[in-house]
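Next come two complexes built around subunit A: one with subunit B, the other with subunit C.
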Partner chain A sequence: MSGVSQLALLFIGAALINNILLTRFIGLCPFFGVSSNMETSIGMSLSVIFVMVMASTATWVVWEFILDPLGVGEFLYIPAFILIIASLVQFVEMYLRKASPVLYRAMGIYLPLITTNCAVLATATEAAKPGFFKMNIALGASLSLGEALVYTLGVSVGFGFALITFAALRERLELVPAPRLMKGTPIAFITAGLLSLSYLGMSGWFGL
Partner chain B sequence: MSEWLRVFRRGIGIENPLTVLMIGLCATLAVSTQFQNALFMGFAVIFVLAMSNVLVSLFRRVIPSQVRIPIFIVVIASFVTIVDLVMKAFVPSIYSVLGIWIPLIVVNCMILGRAEAFAYHNKVGFAIADGLGMGIGFSTVIVLLAFVREILGTGKIVWFDSTLISLPAGFAPPSLFLLFPGAFLVFAFMIVGARWLNERLDARKEGPACRV
Partner chain C sequence: MDLMLILKAVGALSVIGVITSTILATAAKRFYVEVDPRVEAVAAALPGSNCGACGNPSCFMSAEKMVSGELELNACVAGGQSVTDAVAAILGADTCDAIAMISARHCGGGDRAVRAYEYAGVRSCAAANRLAGGPLACSAGCLGYGDCVRACPFDAIHLDERGLPVVDPAKCTGCGICVKECPRGQITLLELVPESAPVVVRCNAHDKVKGRKANCSACCIACRKCERECPSDAIHVIDMLAVVDYTKCTGCGTCVEVCPQDCIDLYGCGTTVDTIAADGRGGDVITNVTGERIEAGA
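Up next is the complex of A and B:
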């Protein structure tokens, strides 16, 4: 894959058509956990974009230059990638606290939570060894670093978009006269189902 | 012993990880398209949860609390790798479907959450009870969810190439149940069911009136 239009397709495919939250069920914990408040959803989305891009860069480099050449990737990739992500997030948190207090206040509390977010692990693994998670059928056998970054950016922007949409919906749901047992999470799940149905309508666009 | 049973039962009922605590949802919704896959996912989770609870509990006095999270993750990742390779070797047909979700057990918040919230502070015996209880609670919900989705979505239940149950031929199965929205919808009704059941049980025991 090459060329600007290919990269744009890669981005749209990752962000909308194969939306990680609503069509792949990856990263649902923050989706239901923080979406009851608009402000926290925005903070969470920004942090996810930031961490995912850094994590994918790191796992891509490690896979390409260490794990794959040594031939140990098949059974070491799970511990290796999760450790890379965990330590990376820890370093980023420490660096931000020191270097940019404003940024730290905006996303500091979300950073530790993101460590154990399956969306980050899934995307970083997919960027390093494409096809494994079958998250985007248009992905080739292997991605260059640039393509991996565009892909990751697409996934994380799609994550943020879905999260913020859902947060806006949930703020309205607070006022809905639902049956007593349905109040809160069950009705939120039904809303998520309908939202996911609308994302499903996009499957097949541009042959993605 | 009664204390052990109480800890064990809690995971299945009033503190069910899926319907009450709502943790570990991703894998549940994604894997529950087929009864058979859900059953194997349940076994994998029970194994990883019980074993990681035991190991964390055994070493709870040695693990320094500052670096406990990375240590938990490494412990969990090792057991997940075991499950990953065993399934790949012995049930390849299941593995090809579950494939992506087995490594993701590592970051399943339920397992890390139990290590952090329970196993790190309790004796080995209780840690086993908690791991088994939570694991069985998880598996029950995921298997039920998969049962409903498969029978409504395809009209039959399949177990390794043989059909166990099939609905009458006149039934036109809506494939919506197999797709992503169906998972959300069926799961929403399962939460309602679990809430109703918990309320009924509470009322019978004359405990607190409403736990929701």
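Up next is the complex of A and C:
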């Protein structure tokens, strides 16, 4: 298989078939927390795409040049990656505030939320040392930086796609004459389950 | 060997920690953004609960807008007068009155409203309203089963002997829960009006006046007497119903006096009358509470 189609498969596998929210069930707090209206879910999705790609790049570099050569990665990766991601998000927030107030307004309130988000940690970890979360059977023993970026982009786009779909559904659910006990979060949980089932239908595509 | 591994781990994490903290410390200096100190002061004076009642997503944003003049100083609904005063003091402006809202009922029907059928179901307005639009012949009037009374968290609404909910302006905080609970709240049977609102129209009907009069003896008959007599052009008959413009109303009480139906009341904390006692008690009782028509004057 050529390099480009390999990357395309990696992207689709990460975004749809192994969707982090609906197939892997990682990052469910923002999935319910910010999905009550479309506008915030779009802002959150953009921030997640941005932060995930930055975080994966940073953790990939740290894994490749510090943790793995020293042989301490196996037990040190979680504290090290949390440290890196948290300070990276802080840095990005400061930079955005100075350099682009418009972007800061759009993403500002979501950035601190993502600092210690499990989906970001999982993706960054998976990009640096594949196999631990068993996120994608197509991944090899280790990824090049380019592959890691495509993979992360896939995961974060899949995250955004699922989040925005769910927000659209929830906006409609507001108007549904649901029984009083089911209104709000309960009906959202059930809808999330059905949405997850529909994503499971994609497993097995392209042998992924 | 094991000791070596521990040292390596400690070393690696320390190096990463030192590098990231140095970067962050430098960034905090280099990318420091100067915020208008007045904005910070105003933000500190606001309640900080980000309730959104002023129309802004956060208290900090409304502080920015108050400083830049886009937002009125009294925009903070939750904070009330004390916050308005504090903000005005910070910005060196004259203070102004906070706009507090209270709930008002636009119906004087009660036992004077004709019933289309006898309702014997659950004593709830929401349930009654679903049964062919409620037992009242009037489609806009108060059903009188007290959903608002039960919903009020401040014990500010009580049903009186006419079967109408009476709002105590002194207890009402303007939270609007009764308006949401009322099945006819969407069509302004219950509505939030300024706390200082001097008068309130006790009718909510927009249908033809003739049919309306057959439905209820307490309704607004759209005679336009109030509109003609009002010295400050504050009351108008819009869609066959008198509507008060509270930005113009001075509370002179002319409309209350001239209304032949007694369906305009003095209201609110701004007036000196006992508004609970005065709550729309004009007109003849034509039905008893169960809805049988009785002879006028009986």
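Throughout what follows, the second predicted complex is superposed on the first by the 206 of 208 C-alpha atoms of A that agree within 3 Å, B and C clash if a C-alpha of one lies under 4 Å from a C-alpha of the other, contacts with A are read in each partner's own complex, and residues count from 1 in each chain.
Everything below uses one rule, namely that a contact is a pair of C-beta atoms (placed from the backbone, for glycine too) under 8 Å apart; a residue touches a chain by one contact, two chains touch by 3 or more.
Just so we're clear, the structure is a prediction, and the values are computed from it rather than from any experiment.
Undergrad: Could you tell me whether subunit B and subunit C fit or clash when both sit on subunit A in the superposition?
TA: In the arrangement built by aligning on subunit A, the partners subunit C and subunit B fit side by side.
Undergrad: Once chain A of both complexes is superposed, is A:84 in touch with subunit B (first), subunit C (second), both, or neither?
TA: Touch partner of A:84: subunit C, not subunit B.
Undergrad: First (subunit B), second (subunit C), both or neither: which does A:154 touch?
TA: Touch status of A:154: no partner.
Undergrad: A:43 in the overlay: touching subunit B, subunit C, both, or neither? Say first, second, both or neither.
TA: A:43 contacts neither subunit B nor subunit C.
Undergrad: Looking at the overlay, what does A:94 touch: subunit B (first), subunit C (second), both, or neither?
TA: After superposition on chain A, A:94 lies in contact with subunit C alone.
Undergrad: Tell me which partner A:23 touches in the superposition: subunit B (first), subunit C (second), both or neither.
TA: first
Undergrad: Based on the superposed arrangement, let me know which partner A:75 touches: subunit B (first), subunit C (second), both, or neither?
TA: In the superposition, A:75 contacts both subunit B and subunit C.
Undergrad: To the nearest 10 degrees, give me the subunit B-subunit A-subunit C angle using C-alpha centres.
TA: 70
Undergrad: State whether subunit B or subunit C is in contact with more residues of subunit A in the superposed arrangement.
TA: B
Undergrad: After superposing the two complexes on chain A, what is the shortest C-alpha distance between subunit B and subunit C, in Å?
TA: 10 Å.
Undergrad: So subunit A touches subunit B in one structure and subunit C in the other; where do those two contact lists coincide?
TA: The answer is residues 75, 79, 83, 87 of subunit A.
Undergrad: Touching residues of subunit B toward subunit A in the complex: what are they?
TA: For this pair, the touching residues of subunit B are 22-26, 29-30, 69-70, 73-74, 77-78, 80-81, 84-85, 99-100, 103-104, 106-109, 112, 179-185, 187-189, 191-192, 195-196, 212.
Undergrad: Would you mind writing out the residues of subunit A in touch with subunit C in their complex?
TA: Of all residues in subunit A, those touching subunit C are 62, 66-67, 70-72, 75-76, 79-80, 83-84, 87-88, 90-91, 94-95, 97-99, 109.
Undergrad: Please give the residue numbers of subunit A that touch subunit B in the complex, ascending.
TA: 22-29, 32, 75, 77-79, 82-83, 86-87, 115-118, 121-122, 125, 132-134, 181-182, 184-187, 189-190, 192-194, 196-197, 199-200
Undergrad: Using the touch definition from the top, list the residues of subunit C that touch subunit A in their complex.
TA: On the subunit C side, the touching residues are 5, 8-9, 11-13, 15-17, 20-21, 23-24, 27-28, 30-33, 58.
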